[in-house]
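Below are structures written as structure tokens.
Presented sequentially are two complexes of subunit A, the first with subunit B as partner and the second with subunit C.
Now for the complex of A and B:
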């Protein structure tokens, strides 16, 4: 389980995260929803120890993040984190060199799934293909948790569909996923849990299935209720 | 250890093109310098002996024989060395900052590697050392080669041959980059390593605290330098030469080790706890 407890993060005097707490379970898709600039990316970076927090605690399976944690959690940021003049194959080799959790077969499978050419240079990829390579590098790791930052942001309709298909495939099965987005439509039906963020705070945390069954409300309906009144 | 070595290899592959360019420039410019300087001398000799009709012996007395010293003291020789030194100095900063800039921010990946973040620091500092030693080793290979070119160009009677050691000790700058004893090598390169580790710490402070980090980095560097030279300052101004030179030397080495260790620890702390993508 990923536990975010009373996390506070400041940039200078500005508080980006104010007392944020929530949990994300293995085997569930947790969606962090909020408008741009609300602190979603900062929160994911904080979970991966990529930016220090000013207060609070973040635990992965009951332990703070240390070097070995990166073998069981991966972050798929909204920009590619590989050197532009590498080919996709070289990027895969790099991952294989450094991660024992790198699953070569799954990487090859993902190459096929996304119809990517491994000889293509990263710098020459379109935005959609860059997002797919990013997903490949994150999902080919045999990790328990995957964090995805805006995987649908600014990419074409067909790439969105292909990426959305990932969520219904075995590539996600049994893993704990935290996904940030401000566009819920693409994956609304797949989300298990929703954490609504506004102005650096959690305004509501709810079970999407329960909201559908008990209150007959979709995620968007709940969002409307929270944000518009 | 394995991941450290993989990181060193990976970092080296990222700089290999710049490294080869520096080696290429050094080779071309220095060899061109040998040829041009030798030709200049021979043209002058030709002019004096054949046109001004000065006897050869008189010419040699007046103008002296041509030796490698003429080349070593010229810009043709020193220029590429200065360029390489500037290249390495520039790379000390680039090796960190390039991971943070551009569309693809590689520092995300570096910080998410399942290895201690100390390895990132050690791999980068090792690369600076490898680059420096590589350039120096190349210069050592070039020296006899250039001496050979000079021998082909200038006839025996006009030439004063020098040994490699003589060439190296002829200018102090060259003697620093190619020390004549193992102890000097450890001292000079140890001091260099300490300086690079201080700079790395300052860079990581800037990466952690932005503009406040710049101030912290400058203060840290100043303190590190003061700590390092404090025994010399005390000896000069307070203790009235209380220590024997050998004692002072040992204290200086201890201070250098302390500064180096503090910089490594501080950099590791910043990478683990404070640095931000």
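Now for the complex of A and C:
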């Protein structure tokens, strides 16, 4: 379980995260929703200890993040961070050198899943394929938790569908996933839990299926109520 | 298994409904093997936990059954199967009645119209 407790984060005098608390379970897909600039990326970076927090606590399976944690959690940032001159295969080698949790077999499988050619140079890839490589590198790690920052933004609908298919496959099964998005339409039926962020705070945390069952409300209905009600 | 899910009814509920429809029209036959939970999630593009829940519910309702580690199968219990068909028909008629009620048509006129339309649509198929 990932526990985020009363986290506060300031950039200079500007408070980006005021008081953020939520949990994300293993075997579930938790979706962080909020408009641009609300602190979603900052929050993911904070979970990965890439940015220091000013207050609060973040625990992964009950422990604070340390070096070894990075073998059980991975962050897929919104842009690919590999050197553009590398081929996909070289990028995969690079990951293999860095992580003991790199799973070569799964990486090959993902190549097929996304129909990518490993001899292609990263700089030559379309936006959609770049995003797929980015996901491949994150998902091929044998980790318990995967954090994905806006995996769907700026991508054509067919690539979006292919990416969404990952969520219903064994590639995700039993892992805990946190995904950020400002567009929930594509994935309404795929997510377990929704955390709504606004103005540096969690405005609502709910189970998507439960909202449909108890209140007959879609995720978007709930968002409308929270943001405009 | 291309299902158009709506966003307001619980997804597991919509999955069960899909199964009931297929059972009622005989597309899923009694005793027929059904996909595994993961396969279903993948084909219907839904959360695997939701698929799991739908199967659990269907098992409780006696629509499907699982023997040890074998794949789940559609029930062969004719009583349950008959009930599924009846349930769907009653539901459809209820919806129809509810929407036609407000127009205040005499029942005989309505039934004649239903008969004509029904036979017409038979010809078209």
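Rule of thumb we're sticking to: the second predicted complex is superposed on the first by the 229 of 229 C-alpha atoms of A that agree within 3 Å, B and C clash if a C-alpha of one lies under 4 Å from a C-alpha of the other, contacts with A are read in each partner's own complex, and residues count from 1 in each chain.
Heads up, the rule we're going with is that a contact is a pair of C-beta atoms (placed from the backbone, for glycine too) under 8 Å apart; a residue touches a chain by one contact, two chains touch by 3 or more.
These numbers come from a predicted model, not from an experiment.
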In the superposed arrangement, which partner chain does A:83 touch: subunit B (first), subunit C (second), both, or neither?
first
Once chain A of both complexes is superposed, is A:157 in touch with subunit B (first), subunit C (second), both, or neither?
neither
Let me test your reading of the model: by the given contact rule, A:165 touches which partner, first (subunit B), second (subunit C), both or neither?
second
Tell me the contact category for A:75 with respect to subunit B and subunit C: first, second, both or neither.
first
What residues on subunit A touch subunit C, complex-wise?
27-29, 164-165, 167-170, 173, 188-192, 209, 212-213, 216-221
State the interface residues of subunit B toward subunit A in the complex, per the touch definition above.
3, 6, 10, 14, 102-109, 111-117, 272-277
Mind listing the subunit A positions that touch subunit B in their complex?
45, 48-52, 67-71, 74-75, 77, 79-84, 94, 97-101, 122
Contact set on subunit C toward subunit A in their complex
5, 7-13, 38, 41-42, 44-50, 53
